[in-house]
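Scrolling down, you'll hit the structures one after another.
Both complexes below contain chain A, partnered by chain B and then by chain C.
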Partner chain A sequence: MGGFTLTHFLYLLQATGWTVVLTLLAFVLGCLAGFLVMLARTAQVRWVRGLSGLYVDVVQGTPLLIVLFLIYFGLALFGFELPAIVAAALSLMIYCSAFLGEIWRGCVQSVPRTQTEASECLGLSRWQTLRDVVLPQAMRIATPPTVGFLVQVLKNTSLASVVGFVELTRASQVINNSLFQPFLVFGIAGLLYFALCYPLSRLSRALERKLNGGRRQPA
Partner chain B sequence: MRYQFDFGALLPYWRDFLDGALTTLTMTAFAVVFGLAIGILCAIGRRSASPLLQRLCGFYVELIRNTPYIIQIFFIFFGLSSIGLRLPIFAAAVLTLVVNVGAYTAEIVRAGMDTIHPGQIEAAQALGLSQPQIYWDVILRPALERVYPALTGQFVLMMLASSITSQISAEELTAVANNVQSFSFRAFETYIVVAVLYLALAVLLKLAFYGFGQLIFPRRRRLGTPL
Partner chain C sequence: MAAAVSLRDVHKRFGEVEVLKGVSFEVAPGEVVAIIGRSGSGKSTALRCVNRLETIQSGEIELCGRRVDDPALDLRALRRDVGMVFQSYNLFPHLTVAENITLAPRRVRRTPPAEARRIAEEVLTRVGLSDKIDAYPEQLSGGQQQRVAIARSLAMEPKVMLFDEVTSALDPHLTGEVLKVMETLAKGGMTMLVVTHEMAFARRVADRVIFMHTGKVWETGPGSMLADPQTPELKEFLANGL
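So, the complex of A and B:
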């Protein structure tokens, strides 16, 4: 049993890098898919709305860990031997798309209906209405909760450790297995996560104040 | 490649699935009760006159909300056992859940308390209500009624997150799934079954919370309007 050395710390830092990579990968993919979910949730055709609503409910009602296992073990059966990072990124993408889609649906629907009606009167197409009228206003409302959700994604990348992807959590497990100083090792890992998440949380709150100050309830 | 589904292979394990689901529900029940208690105390602490208490509660909330649950589990479970404190696994799992959900609850309850107009509290003081009376009747009850949907939503998410306690081999639904798939060699089917079970638990929990809300908030039941 040795002490915690600089080498260990550098290993943790390197793993933190992988956590960030996985977060960005999952978030970008999740944003793309989430945008589609949002479009489907606000579609005019009823069965598209219903189907996407079902998708959101199913994903939000299933633990991310189970989704991860389904993708990791499930796709292997169909002959896709996925590397752990791809399985993790895919399942986080699914998770992201359901939550972001629902957050953004709320934001889009909170833009007053009259705006859409006015653009219809001006002869704008549905796509133009969305792109030039609704989205710019919805984006203002959507930014703070989206940044807040990024924190959730970052924290949930820790689950990728379960399928053996060496990110921060997995790396701290590996170190702890050799040193067995759990308070120290997981404490440092926790602080590294905190160092990434806390600024984002603060940013989300600051944006909330800055962008939506007018919507705040008087205390 | 074609894959032949065989859910029949899982039938002999139905009791294990049932036990796992019950364990998950029991853990959730404990965590909701104690987590709510901690959350309310912490939310009150953040409004207290003592700056030390304020900062302490704020520190706890921020620390928990900005670190992954799995790290909290490892920190608490392996940490406690490294100093010789060996909790039963179920107790350790519930402890980590309580610590985790307490922070989220605190933040939600605090948001609810912030919506109570200061005039209400001043009016209560003018009427000569005691501090506990003010907290219970004027601040806490309306605050909880307002944030009830957010609160119960958080509890459902926590039930789903309890799947992570399988990592310290608490015998809940996900751990059962891991065992069953290693015996039956039917990983895909097992996780599909468990996903469906979690969905059912989530729906069940939502219904239960809705019914409970109707029971404890008579004002909402009679008027049907948000407070």
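So, the complex of A and C:
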């Protein structure tokens, strides 16, 4: 058993890079899917709303780890042997889409109904109304909670370690297995997570303050 | 001449509550009609049925020769003919005055930006706010916001304009500046259907006044009818309102 060396630290940094890659992958894919979920949740057709509501409930009511197992091990039974990063990204995308879709639905619906009425009275289509009137206002409200949620995604990428994807948590395990210095190794991993999450949390809070202090819409 | 707006035996229910119980009236082209009545008399609902912000259960509504109650109606075509101004202004808070006004011409009519800007300048001049073209709604007083809302509607050159208690959120001073703009519009020949609590405005500017009560047209006549109410209900309404 040797001591913790620079090589170990560089290994952790490299793994941190993979954590960031997985986070971005999950977040970008999750935003795209979440946008569709938001559209479906605010659709005029009742069964589209119902079906997407069921999707959100099921995903929000299932541990992310179970989703990951289903995709990584479950799909393998049917011959879809996905690489660990793909399985992890897909699972996180599903997770993000349900939560972001629901956060954004709330933001879209918090834009007063009268804004939509005014827009439609001017002859704008439903889509134009959404794009030019509702979304710009909803986006201002949505930014702080969305950035805040990014912190959750980043931390949840650690679950990908259980399917063997070498991100920060998995890399710490690997090092600790040879060094057996859990406080040191996991402590450093924790600090690296914190170094990534803290700026995001601060950004989210700053955005919220800016939103509350900024322009308000008339009643 | 065919009516610009006509309602025939219109019934409207919200759940169990029937708010319009067989409403019929017409508005001729160029005519200014004021609808008065208590809160809950159905006057705002009647107005909202005219441009199909609400759908009706039975009866017929026609606007500029188009059947509004037709389920297959082209809503966007309808709304090119009819403008609406609301009690709460409903300007888009994230857009400047110019952008509020030019949004519909650019999106709906594909008017080029420079031309749209010129239209914005023109309609703002008509409501006396040409110096506010680059302001945001929150920088304007309530009366100014409402005048911008009128200008925004005018930019689409509607044939008929609906006003839904547009001065109810304003103090008397600001009310005056909005009513003046509406009076100018009326003199310019605009067809207007105005739900209002401003009796003086109804008497002076409206060609005809409709008094609604409990979901029905109770009494109708020229503005002078307000000085000589025929029904006890209108008499009581005017006594309490003035």
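Here, the second predicted complex is superposed on the first by the 213 of 219 C-alpha atoms of A that agree within 3 Å, B and C clash if a C-alpha of one lies under 4 Å from a C-alpha of the other, contacts with A are read in each partner's own complex, and residues count from 1 in each chain.
Everything that follows uses one rule, which is that a contact is a pair of C-beta atoms (placed from the backbone, for glycine too) under 8 Å apart; a residue touches a chain by one contact, two chains touch by 3 or more.
Fair warning: this is a prediction, and the values are worked out from it, not measured in the lab.
Novice: Answer with first, second, both or neither: which of chain B and chain C does A:Asp132 touch in the superposed model?
Specialist: A:Asp132 sits against chain C, while chain B stays out of touch.
Novice: Going by the contact rule set out at the top, does A:Arg140 touch chain B (first), chain C (second), both, or neither?
Specialist: second
Novice: Return the chain, chain B or chain C, that is in touch with more residues of chain A.
Specialist: B
Novice: For A:Pro182 in the superposed arrangement: first (chain B), second (chain C), both or neither?
Specialist: After superposing on A, A:Pro182 lies in contact with chain B but is clear of chain C.
Novice: Is A:Ala118 in contact with chain B, with chain C, with both, or with neither (first, second, both, neither)?
Specialist: In the superposed model, A:Ala118 contacts chain C only, not chain B.
Novice: From the superposed pair, tell me which chain A residues show up as contacts to chain B and also as contacts to chain C.
Specialist: Common interface on chain A, chain B vs chain C: 217, 219.
Novice: Any idea which chain A residues touch chain B in the complex?
Specialist: Touch residues, chain A against chain B: 58, 60-67, 69-70, 73-74, 77-79, 151, 155-159, 161-162, 169, 172-173, 176, 180-183, 186-187, 189-190, 193-194, 197-198, 201, 217, 219.
Novice: Taking the complex as given, what residues does chain C use to touch chain A?
Specialist: 51, 53, 75-76, 79-80, 82-84, 86, 88-94, 103-104, 107-108, 136-138, 145, 149, 152-153, 156
Novice: What does chain B use to touch chain A in their complex?
Specialist: Residue list for chain B touching chain A: 1, 3, 62-63, 65-72, 74-75, 78-79, 81-83, 114-115, 117-118, 156, 160-161, 163-164, 166-167, 174, 177, 181, 187-188, 191-192, 194-195, 198-199, 202-203.
Novice: Give the list of chain A residues in touch with chain C in this complex.
Specialist: 112, 114-115, 117-125, 128, 132-133, 136-137, 140, 215-219
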